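Labels run A, B and C following the written order; every chain starts at residue 1.
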C-alpha cells in the first residue's frame, strides 16, 4: 500500500512539474512583451529578453503622441464595440431563436445557404463592401458598425445549438394557454437564453478590438487618425513606411499592452460562458 | 403542432383568379396590392403598391441602364488626357468605372429578382383573398394581418433586419467577387475592365500562377490538417493533465494558459516574430548561455522553408491549445464517470481508458466544431500574415512566400505590388470549392451533425 | 408573405434608394473656371504631417481661396499606388509618389501630366536627374521635391574615412550590417557588374541585360557575402549598429536623423565603396529615387491642385523638408543653399545621385513584378537556396518574367 501511495506522489510530482514547465513556456513570450514595453528603444527592434534600459516613457508617449491619438482610438473602439455588440447580439439571438424554434418554408434552404456563405474567404468581398459603404456615404465608424452588424445574422450557430437544447414542450404549453409566438419569444425564449446573450455580447464586443484589416480598409481613406479604431491605429503605427516605424515601435508595444489588459480580464471573466457556448454549440452542430 | 394549417384549403389556379375574379383581383395582376386594398388590408396593400411604384420609377430612370451596362461593363475603356485651355492644366477624362458598373448591375439584378418575388407574393395573396371570398370564408382584416406578424408570421418579422444585413453585406459582395473572377480587372485594367470568361482561371490553374498555386495549395492543406490536429490533441492532453487526480487550483492553471489566447493576435504574433528573429531575444539568450554557436533561423528569411513551416505550426499551438483546452475541460467534466470507473476496476490503465473511452467521447462531441476549425485554418490569414509575412521568400513562387497560405497569397495579389484582382477572385472561388468539398465529405462522416 | 419576400421588398426599397443616390453622385464633372473657391486634401507621410501643415498655412496666405487639409497617406507614400488604386476618387487631390510607381500611375490614369509652363520650369530649374525621374513617355507627371539614394553610414570610432572607400577593406576592418531580403539595397550590385535594368534609360521593357555573365557575376558576389565575416545579414540594421555589433550600414537619408541619434558624435556618412565584382573594381551603385507630388486625375480642382503641388515643392518648402526630415532637395537653387551644402548627408546623397554612382529607378509598371521577384532571387542566392549552377537559368527566368507586358 505504501508503495502505491509513493507511486501516486511521484506521479503527482511529475504532473505538477510538467504543468509548471508548460505554464512557463506559455507565459514567457507574454512576459517578454510586457518587459519590452518598458524598454527604451529607438531602433524598432528588441533583441534582449530583459530591457537594456528601463523606461516608463513609452506609456507616457503613447498617451501624448500628437500623430497617433491613442485616446481617441480607445474611445472610438469602445463606441463601435458597444453599439455593434448590442445590435449584433440582438440579431444573432433572434436569428438563432427563429431558426431553432420556429418552422417555416424557407428555413432549411436558409440554413444551407448560410453554411455555404460562410465558406467564402472574406477578403475579396471587402472591395465590394467598401463601395457599398461609399455609396451609403458611410466610410467611417458608422459604416464599420454596419458591417459588423450586417454579418451578425450568419453567426447564429452557437446560439442555435443552445436553443435546440431547450425542450419544446415549454413552448407548446404556453401556446395552449393562448400565448402568441411573440409572447413566447419575449417571455420564455429570451429569459432562458441569458447565458447565451452574455456569451454573444462578449464575443461581439471583442471583435472590434482585434480587427485591423477590415477597419483599415474602411477607415484609412479619411486619412484622419482621430477616426481610427485601436487595432488599425496601432497596426498603422508600424505599417506606415520608412523611418517612422522605428521611432514609434516602443510606444506601439506599450499601447498594445495597455489594450491587452482589459481584453484579457474580460476574457478571463467570460471563459465560463465561452465554454458553455462552445460545448453546447458543438453538441448539436 | 406547428402544422396548424394541416387541412388543405381548396385551391384555385391563377387562371381562375384572372377569369372569375372581380375587377380588383384582375387589377392586382398589374397594380400590386389592389386586391388587398379592396379587402381593407391597408398595410399590405399600400406597401405592395408603393414598392411597385418605387421599383418602376427606379427601373425606368436607372435600373435599365444599370442592367444594360452590365453586359460590357461600360463602353469607354480608355482614358483620355486633354489640355484644358481655360485652366492651363491637363485633365484626365476617366474611362467608365467598371467596378461601380458591376456593383450597380448586380444590385439591379437583385432588385429585379426581389421585385419578381414580391410580385409572386402579391399574386398569392390575391389568390388567397379570392379563394376565401369564393368559399365565403372570413378574410383577414388589416388588424389581423398586422397581428399575425407577431404570431404565425413572427419569423418574417424577426428575420427582416438580419436578412437585409446578410443580403447587403454578405450575399451581394460574394456575388460581386465571383463575377470579378470572369473579368480582366488587374493592374493593366484598373478602372475600365471587361468580361473575359475563364481566362483568369486559366492563369491560375495553368498559366503563370500555376507554379505558385499548386505548391501553396499543398502547404495550405498540410497546414490546415496539422494546425487543427495539433491544437486539438494538445488541448485535450493539457485538459486531461489539469483535470487529473490530485491537481489543485485548476482555475488558476486554466487562466494561466487562457491569458495567451486573450492577448490580441496582432500584438502577440507581431512581437513573437521579433522574439524568434535570428537576432531576437531567444537566439541572444541561447547564444549567451552557450547552447548554440550561431543563431537558429526559425522564421526569418534564411530559415529553411520546412523549418519555418514547422515553427508556424508550433507557434499556432501556443495560441490554439488554450482554447481547445478550455473546451475539452468542459467536455471532460461532463463525461459519464461510471464508465471510466468500471473500466478502471476492470484493470484498464490510464492510456487504455484515454484511448478507448475519453478520447472517442471528446471526438464525438467536438467533431463538427473540428470541421469548422479546419475550414477556419484554411482561411487562417492572421497567423501567417503577422508572424512570417510569408517568409522565407520563395524564388519559384509569384507573389507568395514559403509559408503563405492561399488566403495570404490572395491578399498579396490584391493589396500587394501586382494588383491582380481577377486572379485573387479566382483564388477566392477555388478556396471556397476546397472548403465546401472537404466539409461536405467530413459532415457526411460525422454522425453528430444533423440539420435541425 | 414569407420573410424572404418581406426582406426582398424592403431591400428593394433600400437598394433602390442607394443606387439612385450613388448613381447621381458618380457623375461629378471636373469643369471649372479659374480661381474659384476650392478645398483640397493633401496626403503626406505620417511624420511629415506637422511641417506640411505649416507649409500649407503659407500657401493659404498666398491663395486665400484655396483651403487645404493635410492628412497622412493611409499606408505611407511607398504604397501610394495601392492606396490610390483602391478608390482614386477618394484619394487626396495631391499626394506623394515615389518615381518607381510613376509609370504605372500615369498609365492607369491616376495622375495628370503637368502643364507646359510647369514642365518647362522643372526642366530648367531642377537637377537633371530629378526632371528625368518624373518624366514618363515625354510628359512630366509630378513636382519633384526630394532625391533619395542610399549611402554608407558608419561609426567614426571604428572605421576611418579611408576604410569605407572599398568594400573589401570596409568588411575586413569592421562589420557592415545590411538586409539581403531588400532588393532596393542589394540589386544595384547588378549595375556595378555592368548590367542594365530596362535598358540604359530604364524605359525599355526588353532592355534588361542582367541575363548574362555579368549578371551571374553579380549573383556570385552576393553569394560570397554569406561567408564574409564582415557582412552581417539582419532584419534590423539600426539595432545592430546601436548595439555595436555592426560598424556601418547602408541606408537612405530618411533614416539619417535616427542614425545620428544612435551614433552621436561618432556619426559619419560617405558615398558607397568600390566593390570587386567579376574580377574588376567598380563603384558600388545604388538606386536613385525621386520623390514628387502628383495631382490626382480625379480631382475636381485640377488647377488649384497643381498650384498646391507646385507650392509645396518650391524652394522654401524643399528647404523646410530638408531641415525637418532630412530630405535632399532637387531644385538647383535649393541644392546650392548653404544649409544643404553644409549637410554631410546631403553631400553624400548628392554625390551618389551622380550618373555612374546610381541608376534612376525605372518607372515601368512592370517594376511591381520586378520588386516581387528580385527579393527572393537575391535572398535565395545569399542563403544558398539557389545554387551557383542555377544562376543562369534563374536569371533567364526572371528576365523573361519582368519583361512581359
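Here, a residue touches a chain if its C-beta (ideal position, glycine included) is under 8 Å from a C-beta of that chain, and two chains touch if they have at least 3 such contacts.
For each chain, UniProt lists the protein as follows: B = Maltose/maltodextrin transport system permease protein.
Nothing here was measured: the structure is a model prediction, and the numbers come from that model.
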- prompt: Taking a step as a move to a touching chain, how many steps at least join chain A to chain C?
  reply: 1
Task: Would you mind checking which pair of chains has the most C-beta pairs in contact?
output: A-B
Centroid-based (C-alpha) most distant chain relative to chain A: C
Message: Taking the mean of the CA coordinates per chain, how far is chain B from chain C in Å?
response: 37
Query: Roughly how many whole angstrom separate the Cα centroids of chain A and chain B?
result: 17
- line: Where chain A touches two or more other chains at once, the residues are 45-47, 104, 127, 131-132, 135
Where chain B touches two or more other chains, by residue: 100, 155-159, 163, 168, 277, 279
- request: Would you give the residues of chain C that are in contact with at least 2 other chains, written as numbers and ranges?
  value: 2-4, 18-19, 22, 235-236, 239
Field: For the chain B and chain C complex, residues of the former touching the latter
entry: 44, 47-48, 51, 54-55, 58, 61-62, 66, 79, 81, 83-84, 86-92, 94-95, 97, 100, 104, 107-108, 110-111, 113-115, 117-118, 120-121, 125, 153, 155-160, 163-164, 167-168, 187-188, 190-191, 208, 277-279, 300-302, 391-395, 397-399, 401, 415-419
Query: Where on chain A does chain C make contact in their complex?
result: 42-47, 66-67, 104-106, 127, 130-132, 134-137, 139, 216-217, 220-225, 236, 239-244, 246-247
- prompt: If you look only at chain A, which of its residues touch chain B in the complex?
  reply: 8, 11-12, 15-16, 18-19, 22-23, 25-27, 29-30, 32-33, 36, 45-49, 91, 94-95, 97-98, 102-104, 107-108, 111, 114-129, 131-132, 135, 146-147, 149-154, 164, 172, 175, 180-182, 185, 209-210, 212-213, 231, 234-235, 238, 253, 256-257, 259-260, 263-264, 266-268, 271, 274-276, 278-279, 281-285
- line: The chain C residues in contact with chain A across the complex are 2-4, 18-19, 21-22, 25, 41, 43, 45-47, 49-50, 71-79, 83, 86-87, 90-92, 235-236, 238-239, 241-243, 252, 254-255, 257-258, 261-262
Sites on chain B touched by chain A in the complex: 1-2, 99-100, 103, 147, 150-152, 154-159, 161-163, 165-166, 168-174, 176-177, 180, 238, 241-242, 244, 246-247, 253-268, 270-272, 274-275, 277, 279-281, 284-285, 318, 322, 326-327, 329-331, 334, 365-369, 375, 379, 381, 407, 410-411, 414, 421, 424-425, 428, 431-432, 435-436, 439, 448-452
